[in-house]
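I have a structure here, written as structure tokens, and I will follow up with some questions on it.
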Amino acid sequence: MTAPVEADIGRLVVSCTDGPGIVARVSAFLHGRGANIVQSDQFSTGPVGGRFFLRTEFHLPGLAKALPDLERDFASQVARTVGGTFQLRDAAEAPRVVLFVSRYDHCLLDLLWRARRGELPMTVVQVVSNHPDLAADVAGFGVPFAHVPVTRDTKPVAEQRELELLAGRVDLVVLARYMQVLSADFLDRVGVPVINIHHSFLPAFAGAGPYERAKQRGVKLIGATAHYATEDLDEGPIIEQDVVRVSHRAGVAELTRAGADIERAVLARAVRWHCEDRVLVDGRTTVVF
Amino acid sequence: MTAPVEADIGRLVVSCTDGPGIVARVSAFLHGRGANIVQSDQFSTGPVGGRFFLRTEFHLPGLAKALPDLERDFASQVARTVGGTFQLRDAAEAPRVVLFVSRYDHCLLDLLWRARRGELPMTVVQVVSNHPDLAADVAGFGVPFAHVPVTRDTKPVAEQRELELLAGRVDLVVLARYMQVLSADFLDRVGVPVINIHHSFLPAFAGAGPYERAKQRGVKLIGATAHYATEDLDEGPIIEQDVVRVSHRAGVAELTRAGADIERAVLARAVRWHCEDRVLVDGRTTVVF
Amino acid sequence: MTAPVEADIGRLVVSCTDGPGIVARVSAFLHGRGANIVQSDQFSTGPVGGRFFLRTEFHLPGLAKALPDLERDFASQVARTVGGTFQLRDAAEAPRVVLFVSRYDHCLLDLLWRARRGELPMTVVQVVSNHPDLAADVAGFGVPFAHVPVTRDTKPVAEQRELELLAGRVDLVVLARYMQVLSADFLDRVGVPVINIHHSFLPAFAGAGPYERAKQRGVKLIGATAHYATEDLDEGPIIEQDVVRVSHRAGVAELTRAGADIERAVLARAVRWHCEDRVLVDGRTTVVF
Amino acid sequence: MTAPVEADIGRLVVSCTDGPGIVARVSAFLHGRGANIVQSDQFSTGPVGGRFFLRTEFHLPGLAKALPDLERDFASQVARTVGGTFQLRDAAEAPRVVLFVSRYDHCLLDLLWRARRGELPMTVVQVVSNHPDLAADVAGFGVPFAHVPVTRDTKPVAEQRELELLAGRVDLVVLARYMQVLSADFLDRVGVPVINIHHSFLPAFAGAGPYERAKQRGVKLIGATAHYATEDLDEGPIIEQDVVRVSHRAGVAELTRAGADIERAVLARAVRWHCEDRVLVDGRTTVVF
């Protein structure tokens, strides 16, 4: 399942220390190579010595062929001077994504459906689940489904099996309501970003049972948070959040039901933005262009 | 400053243990007294043995005169049977409100302005501040302003002075960004509900510096929470909450500015609902009809 | 596909001219029959001579068996006095629903998915489409799919065929992005409510091409409207509406994509509320409890 | 009343036909003059032959002194090549604004209050009203108030008087619920942009009585629209819109009250964005950076 994208559109993402002339240097480089800037966003935490972030979309006929040279020359002619890190990508090369899920289907089905209708520029190469329940639904989308059961004792073995499934064929892992905590070792070895959806408006109700605790506390809005998974549970950089109004009439079941709509919407936006190279990590937070 | 209200509209609020026939008993009582139910809301946490909450607005010609008898008869004929607590009020009798404020003017001015234009069914009888800054603004609304400075040492004396200012002439205290923590003793002795506005989406960022901490955590929405003040700081029953979207571009100053709009809107709604007898406390939470 | 519901819960809906004592009469009747009111909402457009609307949910052991007698007695003992119309339903009897669709899948799949997971108290008995495209998707949900092609010339025949498909086995028709205008004759003969989703915030952009016109006009929010279908296209009573923010960057394709999320959310809410007997028609508008 | 702004921040706004190298040319020019780009936004309706819009904020020590030369050189070195129009401004030079109002105070007071607390980078030089009602409120903010009555017969004379009041001392006119229609002649002669707030979600309910018509149509959301005033009433380019949810319980008075909150919020955002040079007109629509 791959979404169609425009041809000859490249994306350049830069993170570095701010200083004078970065935009001028980058735009001169692109102009000199025949690229026309279609859209450009930048952000600085402070003009002198702050952190600088740039995302530029450009049109360059023959991009796919030109990309290796472009990358090499940008590294030597621009990046060497401005420092930091950069990434150059062909927008037509959709990231390869593996979805992890347990039993709740709402986030998984929404991502698969959006990918199928061309809303998410990604290729779903695999679904991994610690339960067999959703196999048939996934089959309907023509995506391979791997059932990898996890118990406390088998977790290291299970994670090893998961890493083997992913090896060399994945650019992003999405935890679409995967109810197992991934080990620090897994996160370390997987080598690609991992996006998780948490069913509360973090930092409120981190940890287990957020809807139960939301009910007890009597909050008037419930929310969901998509963030990059890190070793520290529910502490990774937040990509997107949203909330929905609830009343005293809603019990935990109703909160869970209402929350599912927010969870799938928030996760879909976070995954889309990531796949469009819009999300840049800035320490514990993110810049979203 | 008092808002006009319709004549002959009464409000009955009941909190009790649920059981069969409560609505039938209440509506039969009101109908028997010539009252016509204009609006009625009820909520039960469980049909047998749960907590039951009722708010009824009724029209009764000659209400003001009839109210004492109505109250006595409801107590003996209905409340004795269904148990719990009840309150009968003439909607034309606006609650007397005292506003506490420090230096930020946005919540205070918004409440005074809404009261003046008849949006809030309350009479503001006094503004109390630990700073003199807002005296002129308050004078413009024709409301008495008392400057009661507070330091760590003088706090007991200051609170004593505040209690004397309030004694016998207040139905509600509103902390409109009052930056002093009221003592448990004050809350105990004041004898009327106290509504506070906290500048975060509780339980996230309870305590001091919520916007600073929101920036550090990189949340994508900031919020405000109006709640009844209790001994446990920022832990009282929540009346209303709302949020607004922010981006990575917003620094702490911009969060503070954007948050002020949410704070004043949330507090105004909470105060209005309280003054309209819509808010019933249910343990640590509220029912808002 | 049927959603589970609680047993022994009945719903009474009343629309009549307002006057004193209606609530008392209704609640006394229910109490006298052993029913306990679980929730009750009412609304009046004016205490004397206005229109009065009531929705009461009650718990009555053995409801299914008692319903015919209850209905007969309510008609003779209450409805005869208060006038107007009423409806008594067993909440366990899910309405039978037929979904009409053309080629866009988002509204249809969302309704089928919500019904399957028990979020919508309805039984989908049939999907009707003027295109064959979505047959496989519908089959995956185990719902019969009928392809009824429609051209300008065959429309009367097609509508006749549709009416035969529906005859005697449907309580509600939902147009889930069905791109044919149903004739006044069809609406007349179908004999059950028809809910439509229009892809704009009505009354803005009624008629064809709403996203194109929204782009031309440069609106900053786009919306969707669920309403009962009537002879006057896009003029029927509105059940629910919502909007989403868009920027100048969004072209028509992006508006269409963003709008799809709002369309499916708005339609799902409208259908749920209808199936829960929460929507009462009041002339050209609705009361939604 | 002037808001403080950062020193040495300049803003460059460009509207032209799109073509290759515009960003490179602009950023090279600024870099060559010692300016550091702080933020930059651009938008194109199409890479070849589309309309191109750019807004750049830059830091340049000694800006105020350098501005005339900068402007002249940009015109000859860049604008001559890329065509279109441009504007270079010192962010410290707050636009001079005249507010028009009739009797409703909510938009006026909110703008004055936001200007006083430094939220709006503008200098309010005059309030003009066709009614004397708000004179005292305006005086409290230290802003001159001119009462210019308008009747059908005196309208040309009144508009002449208004134009004289404004002549040479205004950069923006804001109609903060000014209930007179300004003539095409006035709009032509005033020579600066005029922002109006309309109390509906345009294009729904253009013209008079929008809340009455919203009630009749039974919409579930009401809104407000800030737009540039043009000859065609309620047809000018939209700058900002927002909505708030309402229920069947809200009568016209309640819609009006709830709408006031949206009106003042929408107008304040539109005025702020305009004063920050974020709003670029694109035919009948706007680009808002």
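Every chain is named by a letter (A, B, C and D) in the order it is written, and numbering of its residues begins at 1.
The rule we apply is simple: a residue touches a chain if its C-beta (ideal position, glycine included) is under 8 Å from a C-beta of that chain, and two chains touch if they have at least 3 such contacts.
None of the values given here were measured: they were computed from a predicted structure.
Novice: Using the contact definition given at the top, which chains are in touch with both chain A and chain D?
Specialist: The shared contacts of chain A and chain D, listed by label, come to B, C.
Novice: Using C-alpha centres only, name the chain that sits farthest from chain B.
Specialist: So the farthest one, by centre of C-alpha atoms, is A.
Novice: Which pair, A-C or C-D, has more C-beta contacts?
Specialist: Most contacts of the two pairs: C-D.
Novice: Would you kindly tell me how far, in whole Å, the mean C-alpha position of chain C lies from that of chain A?
Specialist: The separation of the two C-alpha centroids amounts to 37 Å.
Novice: Hey, how far is the Cα centre of chain C from the one of chain D, in Å?
Specialist: Averaging C-alpha atoms per chain gives centres 42 Å apart.
Novice: When you check chain A against every other chain, which residues touch at least two of them?
Specialist: 39, 43, 249
Novice: For the complex, give me every residue of chain B touching chain C.
Specialist: Chain B reaches chain C through residues 20-24, 27-28, 30-31, 34, 36-44, 47, 59.
Novice: Once bound in the complex, which stretches of chain C touch chain A?
Specialist: Checking each residue of chain C against chain A gives 39, 105-106, 109, 113, 117, 119, 140, 249, 257, 261, 265.
Novice: Quick check: in the complex, which residue numbers of chain C touch chain D?
Specialist: 43, 201-205, 216-221, 223, 237-238, 240-243, 247-249, 282, 284-288
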